[in-house]
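Structures follow.
Both complexes below contain subunit A, partnered by subunit B and then by subunit C.
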Partner chain A sequence: MQRFLQYLFDGLSSGAIYALLALGLVIVYRGTGHLNFAQGEMAMISAFMAWWLSSHWLPIWFAVAVSMVFAFALGSITEGLIIRPIGERSQFAVGVAAIGLLLGLNALAPFAWKVTVPEAFGSLFPKKDTDFARIGGATWRYENIGILISLLVVAGLLFLLFQKTKLGLAMRAVASNAESAPLAGIKKGRVLMISWGLAASVGAVGGGMVASIRGNVDSSMMLAIFFSATAAAMLGGFDSLIGAVVAGLALGVLENMVAGYFPDIIGQELKGSVSLLIILAVLLFRPSGLFGSRRVERV
Partner chain B sequence: MDAAGVLEVGGLQAGYGPVEVLHGIDLTVAEGEIVVVLGANGAGKTTTMRAVSGMIPRKGSVRLDGKEIAEASTDAIVRAGVAHVPQGRGTFTDLTVEENLRVGAYVRDDDPEEDVNHWLDVFPRLKDRRTQKAGSLSGGEQQMLAIARALMCRPHLLLCDEPSLGLAPILVQDMFRTLAQLNRDTNTSILLVEQNANLAMEIAHRAYLLETGSIVASGDAKEMLDDDAIRKAYLGY
Partner chain C sequence: MAIAKSLKPVRIDQGSSAHWVLRVIGFGVIVYIALSPFFRDLKANEYGQLIDILVYGLAATSLNLLVGFTGQISIGHSAFFGLGAYTTATLMHNYGWATQWTFPIAVILCFVVGVLVGIPALRLTGIYLSLVTLALAQLFPALVRKFDNLTGGSRGIQNLRFDPPSWTGLSGSTVDRAIWLYAVALTFMVIGYIIVRNLVKSRVGRAMVAVRDNTTAAAVMGVNVAVVKTVTFGISAALCGLAGSVFVLRQTQANPDNVNYTILGAIIFLVIMVIGGTASLLGPIVGAVVYYRVDEFTRDLPNKDWLPTTAKDFLRDRPNLATVVFAALLILLMFVAPFGIVGFAKRIGRRFVLLVPRPPGGGGGQQAGATPEPVEAIPATPLETAALPTQGGP
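Our next item is the complex of A and B:
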């Protein structure tokens, strides 16, 4: 039982990070129908921004907040300047452009900040050896609890945005019927830029959390996490926010359980492969995921 | 034709990519008028509507209440008072009936609650399904919803693209009755595109005949119904 709880607690925090990234993927997918391959690298760049700000001027939490604003600008400019103009010519090319962006951002971070080794990143949560709660014999570190709470706060705010505000209604209208949205007077281009900006902003929270756990920033920090987040988004149904949260947490827990209970076969080294198996299984057996809407249209 | 044209289209050319579909058409809709554009498949009816509401590139003049809108974007044209019910998918299927109506009021700054309730009273079938997703509605209900959604922005001009498409005959009659009543009650001008010529002509004040992108005849709806040549060619009896 103690072992189970330990894997659960550890899994929930890595799952919360997958969920944060997956939420960004879902917001983009609902807006423009693309898988943003650069979602993880946008979060990495944002974490670098937070590191840079915090190492020079700002308290760490404030630095992460500013990095979210930076990410919003980065995301919306990407949509307006790269994704939309390319998408008007070829939707396939957008995927290629997003992969290009992944590689470009990955190379840009060390170059822009002139760093070659991982740079130390402050902690967002109490992180001393004694900072944990003991539940059923297992330790639940305050850091891990904090990450989980951060996810729930972000998801709750997104829910309020989408369900209770006029902007959220416009975003859902564009997601549901992009062609007719302008006929209701919605500025579609602006909504799409906001969607991409918002997605990057949510990703920046994830990037900050990852940097905080690692204790440093590094250009490769989000690569493996992005794959797991993609698997979570697919498992959740790709167009469902609640799906992204549930599947992200579930995937994090599953990875930790598998790695923990089969240390010799899977272990920490191979636990990332769980994500790949899940991507495969979802594509083969349930393409609409757990919470996704199967698109049925009257003809 | 009096001078108070809500919509005045002059020399309108439009198409898709290199293909020109409309070869410079002129048409007007006066205050409180129902005008129908008739024509066969591929004549350019839908293209006319899309060009007026700025969904496709166009040349020529489109004036709304005397103001040129040929250069304006679709959302700006909606703000200027044109509501467009597109052919087929005019609803947001993932949103509830009520949310669809609220999306329709997107350009308004006030609380649309009163209008939501008003149109739900006008269309009682929608009222029963207020919290259902629009995608779960029948074709007729969806078309009603699309029209109610369009009216939520309180337009001066309503563009209806084949509202009868895919509806059972009895529903088609309902639909036209609703449009005629709406026109009488609210004095909303309506530009209607239809293949179902007979019923459309009954509620219309004037009509245009569109043939391969050009207007070949126009006039008072009743007079055109009485014209044997036109009736035979376009109404089929």
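Our next item is the complex of A and C:
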């Protein structure tokens, strides 16, 4: 029982990070139907931004908040200047451009900040050795609790945004019918830019959390996490926000359980294989994911 | 430019003597470029760079068969590249195989794995397929680390030597080994090119393009979509594995940290292919050359005399300039020339020379009144025609 709880607690925090990135993926997918390959790298570069700000002037929480604003600008500019103009020509080219962004941003962060080794990043949550709650013999570290709470706050705010505001209504309208939404007076271009910005912003929270847990920032820090996040988004059914949260948490817990209970066969090294199996299983048995809406394709 | 526009392009019939002259000249230039390193007195590391270009060219060619002609997006070819590399390295190091016999094993193994991956990929299109292949790329280095009794884990496998056989007259010196490996890489590049070219220009190739442009219509026309997709996946994986085999010999060691075995490697192959020209036979090779030249140019950039000092100071000690430039180039290219450098060059070339294809059913010359279709056998790239099916449009 103690082991189970321990894996559960550890899994929930890595799952919360998957969920944050998956939320960003879902927001973008609902808006434009694209998989934003650069989602993880946008989060990475935002984390670099937060690191740079915090190492100069700002307290760490404030730095992460500023990095969210930066990410919002980055996301919306990307949509407006790159994704949309290319999308008008060809959808394949959008995919290629997004992959190019992945590569470019991954290289840009070390280039822009002139770093070659991981740089120390302060902690967002109490991180001393004694900072944990003991439940059923298992330790639940305060930083893991903090990350989970952050996810719930972000998800709650997103829920309010989508359900209770006019902007959210416009975003839902574009998601459900991109052609008709402009006819109802919705500025589709602006909504899409905001969607991308919002997605990058949510990702930036995830980036900050990852940097905080690792204790440093590094250009490769989001690659594996992005991959798990796509698996989570897929499991949740690419167009469902609640699905992204539930699937992200579930995937994180599952990965930790499998790695923990089968240390010899799977272990920490092959944790990622869980995501691969999940992706394959979802594709074979339920292509629309757990919460997604079924797509009907006309020929 | 105005003159160029007012000039009518020269028309050349396909199969005419003028066409043959052009072909022979083009062929001669390529043969000269490919063979000249043998007669120039290059240093070992310069041969190494040429080998790298060929390796990247072959990997991108293999990807082109899959992405460019069949329309299946893979961001996981680094896994096949790594599988080929590790097959050669493991067989040589652990089992003492002669190097040349490891190539067929690598090819067969990658083909089988490629077909196996291609089977679930049958149900997938667009981003879903890219996710599965992404998973492969993510998993491969982890697998290498896990099975460390076979692969050496994070320590890797060192001291892989491929000595030239005695009939070549080359000694075992560093330069001679580099020349020999260049010859091997060139041979594989040529074989890979011929395989892809013959596939694409044949009935199979038309089936591939049909699958790419409209899978449903292709199935209705009697194309066995499942076979075409899985076998293409297998051949593509096999060629990529062969490139990996050569790469590991060039590196003389195998290490899971090498960028080409990770997801970034898969992306680099894809980018090279797209920059060169998707669905163009020469594109991947051109892309590999451009990739290497950009890399070289940007590495030297802080030492160039013509650059102002402030720019030099800015660039000094900053890593990754090459990749940043390359990614920016890629995104820019998506705006101005989504069909890549070769596609762009073809477009320009058409202003001057128009190749008129032979009308079907024999008969040499051009039929009166028929609008010439000045194109390659394979028309438009997927960039111009196909949309990601996940868009779900009507």
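Details
One rule holds for everything that comes next: the second predicted complex is superposed on the first by the 294 of 299 C-alpha atoms of A that agree within 3 Å, B and C clash if a C-alpha of one lies under 4 Å from a C-alpha of the other, contacts with A are read in each partner's own complex, and residues count from 1 in each chain.
Keep this in mind: a contact is a pair of C-beta atoms (placed from the backbone, for glycine too) under 8 Å apart; a residue touches a chain by one contact, two chains touch by 3 or more.
All figures in this text were calculated on a predicted structure; none of them were measured in a lab.
When the shared chain is aligned, subunit B comes close enough to touch A:Leu169, but subunit C does not. Between subunit B and subunit C, the partner in contact with more residues of subunit A is C. With both structures placed on the common chain, the touch criterion links A:Met1 to neither subunit B nor subunit C. Contacts of A:Val117 after superposition: neither subunit B nor subunit C is touched. In the superposition on chain A, contact is made by A:Asn177 with subunit B only, not with subunit C.
In the overlay built on the shared chain, the residue A:Leu35 is in contact with subunit C alone; subunit B does not reach it. In the superposition on chain A, contact is made by A:Ile186 with subunit B only, not with subunit C.
Applying the stated touch rule to the two superposed structures, the overlap between the subunit B and subunit C interfaces on subunit A comprises residues 296-298. Residues of subunit C that touch subunit A in their complex: 73, 75, 120, 123-124, 126-128, 130-132, 134-136, 138-139, 142-143, 145-146, 216, 262-264, 267-268, 270-271, 274, 317-321, 323-324, 326-328, 330-331, 334-335, 338, 382-384, 386-392, 394. Residues 53, 55, 73-75, 78-79, 83-84, 86, 89-95, 99, 102-104, 106-107, 135, 139, 142, 149-150, 153, 166 of subunit B are the ones touching subunit A in the complex. Within the complex formed with subunit C, the subunit A residues making contact are 33-35, 82, 85-86, 89-97, 99-108, 110-111, 114, 116, 223-224, 227, 230-231, 234, 267, 269-270, 272-273, 275-276, 279-280, 283-284, 287, 295-299.
Considering their complex, residues 166, 169-170, 172-173, 175-177, 179-188, 293, 296-298 of subunit A touch subunit B.
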